[in-house]
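If you scroll down you'll find the structure; I have some questions about it.
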Amino acid sequence: MSEIIKPNFNIAEVPAGHDGPGFFATSMDKAVGLARKNSIWPLPFATSCCGIEFMAMMGSHYDFARFGSERLSFSPRQADLLMVMGTIAKKMAPVLKQVYEQMAEPRWVLSMGACASSGGIFDTYSVLQGIDRIIPVDVYVPGCPPRPEQVIDGILKIQDLIGNESLRRRNSPEYKDMLATYGIQVD
Amino acid sequence: MFTPDLIFKVVLILSIFVITLVIAMYSTYGERKIAAFMQDRLGPNRAGIFGILQPLADGVKMFMKEELIPDISNKVLFILGPCLAMTTALMTSAIIPWGSNINIAGTDFSLQVTDLNIGVLYVFAVTSIGVYGIMIGGWASNNKYSLLGALRASSQMISYEIAMGLAIIALIMSTGTLSLKEISAAQAGFHWNIFVQPLGFLIFIICSFAETNRAPFDLPECETELVGGYHTEYSSMKLGFYLFAEYINMFIASAVISTLYFGGYNFPFMNSIGLSSNAVAILGVIFLFAKIFFFIFFFMWVRWTIPRFRYDQLMRLGWTVLIPLAIFNILLTGAIIFATNN
Amino acid sequence: MEDTLLHIVHDKLKSQFGEDIISAEQAYDFPVYTVSKKKIIEIISFLYNEEELGFQFLTTMCGLQFPENKGGEFCIMYQLHNMPKNWRIRLKVYTPANDMEYPTLTGIFSTANWMEREAFDFYGFIFKGHPNLIRILNMEDMTYHPMRKEYPLEDGTREDKNDTMFGR
Amino acid sequence: MQSLTNRKKVVGKKEMTWVEKLYLPAIFGGMRITLKHMFSKKTTISYPEQTREFSQIYRGMHVLKRDEKGAERCTACGLCAVACPAEAITMVAAERKKGEENLYREEKYAATYEINMLRCIFCGDCEDACPKESIFLTDRIVPSDFERNEFVYGKDKLVETLENPIDVSIRQTPEVLEFKKNKKLTHNR
Amino acid sequence: MNEIKTAQTAVAEKDYTTLNLGPTHPATHGIFQNIVKMDGEIIVDAVPTIGYIHRAFEKIAERRPYYQITPLTDRLNYCSSPINNMGWHMTVEKLAGIEVPKRVQYLRVVIMELARIADHIVCNSVIGVDTGALSGFLYVFQQREHIYEIYEEICGARLTTNVGRIGGLERDFSPKCIDKIEKFLENFPAVIKEFESLLMRNRIFMDRTIGVGAITAERALNYGFTGPNLRATGVDYDVRVMNPYSGYQDFDFVVPVGTSGDTYDRFMVRQQEMWESLSIIRQAMDKIIQMPEKVFHADVPEFYLPPKEEVYNNMEALIYHFKIVMGEVEIPKGEVYHSVEGGNGELGFYLVSDGGRTPYRLHFRRPCFIYYQAYTEMIKGAMLSDAILTLSSLNVIAGELDA
Amino acid sequence: MTQFLFYFLSFVAVAAGLMVITAKNPVHSVLYLIIAFFAIAGHYILLNAQFLAIVHIIVYAGAIMVLFLSVIMLLNLNKDNEPAKSNILKLAAAVAGGLLLVTFTGTLKGTESIIASQPFDDQIGYVKALGKVLFNDFLLPFEVSALLLLSAIIGAVVLVKHDLK
């Protein structure tokens, strides 16, 4: 145990639940983290343009499979990473939240593109201004749509996050509090 | 009590078990790599060198994932489903002759866990109950997609079992035995059954695709229609069991195909190159595994090439094409046996 | 008598419906006819069935709003197409703000179904006889018709912009 | 329905020959193709290690240019903010004080200049709108990050550094480049 | 409620299974919901719900100057953004009476046809994926990457291109870009042939698609179908031929049509259209090469941004520049409708202008929105797998559906 | 060992059989029935009738019960929604069951002497022995039943073909 590893990224101004005991990894944690980060099964929540760019990312030129992530799991139970790609309208928001709630822990969320992250050019009555209003987001990828390179950058960031996460984090009160701020029930 | 025979059997069972699991594990890796290569991609290459640790990563991840059992589902059956799938997948390996006898310190040991005099039927029985894992799991999930997957699985398996059985009957007619050991031994050298039963082989391999739920017969779990099919609601290692069972099934099906039609552990000129019997046995094992790997590759190759059937087309293919063909094959075999015996 | 599409159709309509054809003009490459609301279905089915005209394809329809045009604040635009002759015309039907009822066109064109639902959703037009007149794009529980000019576009919850100096 | 054009050509032959009805020839044909690909050269570009060639006019992260003397070109006219369809640009203008001539080219400059990269859709309209050749998009990509506050890029991230100027000359149209070569040409006439 | 239902009553009432296809079902690529009532695997009824990515395009368009609507149109049918961009530019040009030189028209044709190929690639390969043949998808997607490379050389973006301006393009094709187009024209036929031989005459694929999701020409017209989906029913309606724009009348190409309007016909029509597009690009490139270089926009200083250097030095240019960017260009009053042949059919822009800074009303005729309502009718009586194939062969793009 | 197995299997078979009729959920009933079949297959193996055991599993557990299960699943009888039966129905069921019991006991009583008189042959369950008996002593019934099965298969094929327009 003992050995405490500081995450190698900037965790300034993180919301509650992103820090605390959750971010210190033991060597067991590291081994599991290593496994987890190399086997991210994404759930592509593709609503619009970014979904097409995601296809490009699955394509031969970028080959998402290199990260062990080509096995898309459309069932939220089996997915590790919720990739939200494209505009989330207010009509869609409850669905997205439900999908997130159905996912098994540990789960991560990547918000791809301007629309998902902030609403983008669609500052309109019908569009949710960023999915972080309803679910916690781990990594944002800017761009409209982002190039596959950017998405891969985002995935690498997610991998960093996963690799450094403690196994206890998901049970910690901080994490539960964080979910509670989004109104998500944890049992 | 601990006779050498018993010790050998235990060692054999354990090693078969381990080998089966390892092969199933690396089949997942192989599948992803082969798919990648067929699609001009690289495939997993980040976990370990060339991504060789990918299955381990997947396994550890799945073990550590949260178990979700839907509230309304039947818990016992929900857990029983994947267990059954896994058990039935592993059961067949008991009667496959992995090699000819091996001689250790003057005693002959058979590289087969048990030689049933009705081995072929045993294979058949195990496959026929293999569907319960899927059905129970799909039903217990209490999810409509799962249920549809389960229903598709059951009707598909039953339909194709008939054609498969009829194909085997023709094979049995020409070999004259139900024991896998004897069938293997009869194919010594290059007298493989494929040359005797080409049509039967074709039917059998098509049916094995259906029985293992592999493309183009992967209807019970086809992603674009049923999300995840029967395992939609499963997470964690229970899902792992299902996925694993599929690969074990594929491995066993390849082993059975190799044994029944491709000479099993026999290889050409095995008796004329003048090696010791132990060397031949070991070479035989290697050849058997080479054949098995080829068929696993073949399964994957087909999967990544052709589209899948529709439910009714699949049934139609089974009932109106394969079954009549299989019956015709029986008649043909019978006629040939009749003609050659006279 | 000129021989353009504008006149051919206008003459036919005028002889059939008289006063209900309020005006006709050429807007770029489209003849535009303003017609009265009470005869709109008859006019369109006449255009559909008449042998020479045969406007049997509804290209599109949409609602419009002209708050300054008193007595005709709202308008629906129908765009018809005669494919074999490649004739296209546009019909406009104005209505005052206190009377948003229109007869439905779904009896003639199946495609009008969703278009009318969209117009209902956006502007609040009521299509009498429509099989399923509910909101199509927006949420069911929305209380207003967002495309009307008086409602704002913005979500209103956006925090990351400062409009003071740009006049946006 | 009669033909609308004289260019009609019916495609989609649906009758199968008996060979096609056998399933197997097409399946083997397909398998031949996939096997061929198995041994062909892989097109994958392993991204973090290798980078795919970006077009030089790629619309990526913005840069605020300095002029030849190292002074910031931006004069905080606000045209880019107006032109931005996502309304992602915000700025605060300030008067240039004495002694700052080497810092800012014009009398007015942007005291703060912020682009919300999460809003930005990289359409390039700001680049088109800028009359001072100050803001340009570049072929660098905006990195992803964990927090949304990180994405409001201020002048610290946008203005090019003196040591490391960013070449954007290729982004301008041939017309501009031509114009720069020959000042006598006037626009379009 | 204590509902007791015996097996007999269940059968008598035809206890249908209700299945919720979407909004996150993998086959609904975009996002829309279908509540499907099924008898076994046969679909009895379906209730579509759309609007899950409604973004209020038409409302935004009333608040943005004309040139800022181009990025919006990108996001309509994002598989073929450039066609939308060009369609919008041509609409404004029609309203403002701008004549665009022939060379610009041809450059636009090249871009639009590339976009059409990209669009059809997505649709057809996704049909392949939905039938379970994944490899073909990856083969043709490699070529789509090359189309993206070409876009990138033209405008600097891959998917949402925002290419061109009102009055022309923002820059000429660079020599590198022309090289890439030539290379694409050279390589693409082999790949598409390979794709065809993977699927087109494969009996499994044919069985899956022939007779699936069929619609008659009459019903299709009544439902307002356009584009490949209408052509699959045998009606050769193509905006490029009927109302030529951007110099399409100068090109020689055929309009492929199907016979019965089923999935196989749609697949074949799209496949053939890719070949036609290739031939159009070839013809256009040949024409462009013979024309004087460096003409890439119309001579309209009041609409087309002046070069930067001039803005800095020339008062007149500066005024134009500010006017254009602020959106204060003089747009005539009036209403105009212009349509282009988009990836999925007639993409129309109905624009009402009151002479102001922004459009008074802009209505998009979105082909997907119009033909998707026929989906219910098309899948009734079909099986679940058919419904999914029909959906992918209709190529419903959520961005265009919900706008 | 054999005796212990016998009792164990018998217990399983009887218990599962009871569960079949007492389980509320039809799916559970079917699953218990499958367990009962397996127990009976175990008995066959104890009697050295491996062939019969396997065929029993293939036919009953592997095919018929799968069909049962899928039909029950398809009818969506998965809730505990078994309707309350009337008393007359229950009485009729009891009478029928009792009659069946009487018939069975009667049959068993008659066969007792036959089983005892035959010497036990450990090859009796083997395929070869079975084949010899079938093809020598019971050739005609065997062929007739084979013909029946064949016609059933052909009938099934024809039924499927019927869908093809």
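Going in written order, the chains are labelled A, B, C, D, E and F, and every chain counts its residues from 1.
As a convention for this text, a residue touches a chain if its C-beta (ideal position, glycine included) is under 8 Å from a C-beta of that chain, and two chains touch if they have at least 3 such contacts.
Please read these numbers as outputs of a predicted model, since none were measured by experiment.
Asks: Spelling it out: a chain qualifies if it touches chain B and also touches chain D; which chains qualify?
Replies: Correct list: A, E.
Asks: For this structure, which two chains have more C-beta pairs in contact than any other pair?
Replies: D-E
Asks: Name the chain whose C-alpha centroid is most distant from the C-alpha centroid of chain B.
Replies: C
Asks: Of the other chains, whose C-alpha centre is the longest way from the centre of chain A?
Replies: Ranked by distance of C-alpha centres from chain A, the top chain is F.
Asks: Just how far, in Å, is the C-alpha centre of chain C from the one of chain B?
Replies: From the centre of chain B to the centre of chain C is 63 Å.
Asks: Distance-wise, how many Å sit between the C-alpha centres of chain A and chain E, to the nearest whole number?
Replies: About 31 Å separates the centre of chain A from that of chain E.
Asks: Could you please state the distance in Å, as a whole number, between where the Cα atoms of chain E are centred and where those of chain F are centred?
Replies: 61
Asks: Could you state the distance in Å from the CA-based centre of chain C to that of chain E?
Replies: The answer is 24 Å.
Asks: Residues of chain D that touch two or more other chains: which are they?
Replies: Residue numbers touching two or more other chains: 1, 4, 27, 30, 33-34, 37, 42-44, 46, 82, 85, 87, 116, 119, 121-123.
Asks: What are the residues of chain E that contact at least two other chains?
Replies: Within chain E, the residues that touch at least two other chains are 17, 25-26, 51, 54, 56, 59-60, 71-72, 74, 133, 135, 138-139, 142, 160, 198, 202, 204, 221, 235, 237, 242, 402.
Asks: So which stretches of chain B touch two or more other chains?
Replies: Residues 35, 38-42, 45, 223, 227, 304-306, 312.
Asks: Which chain A residues qualify as touching chain E in the complex?
Replies: Going through chain A, the ones touching chain E are 45-49, 51-53, 55-56, 59-61, 72, 74, 86-89, 91-92, 95, 99, 121-122, 124-127, 144-145, 147.
Asks: Name, in rising order, each residue of chain E that touches chain B in their complex.
Replies: Answer in residue numbers: 17-20, 25-27, 41, 128-135, 138-139, 142, 198-199, 202, 204-205, 207-208, 383-386, 388.
Asks: Residues of chain C touching chain A in their complex?
Replies: It comes out as residues 137-139, 146, 151-158, 160.
Asks: Can you tell me which positions in chain A touch chain D when the two form their complex?
Replies: 9-14, 60-63, 66, 114, 117-121, 123, 130, 132, 137-144, 146-154, 156-157, 161
Asks: Of all residues in chain C, which touch chain D in the complex?
Replies: Touch residues, chain C against chain D: 83-84, 86, 160-163, 165-168.
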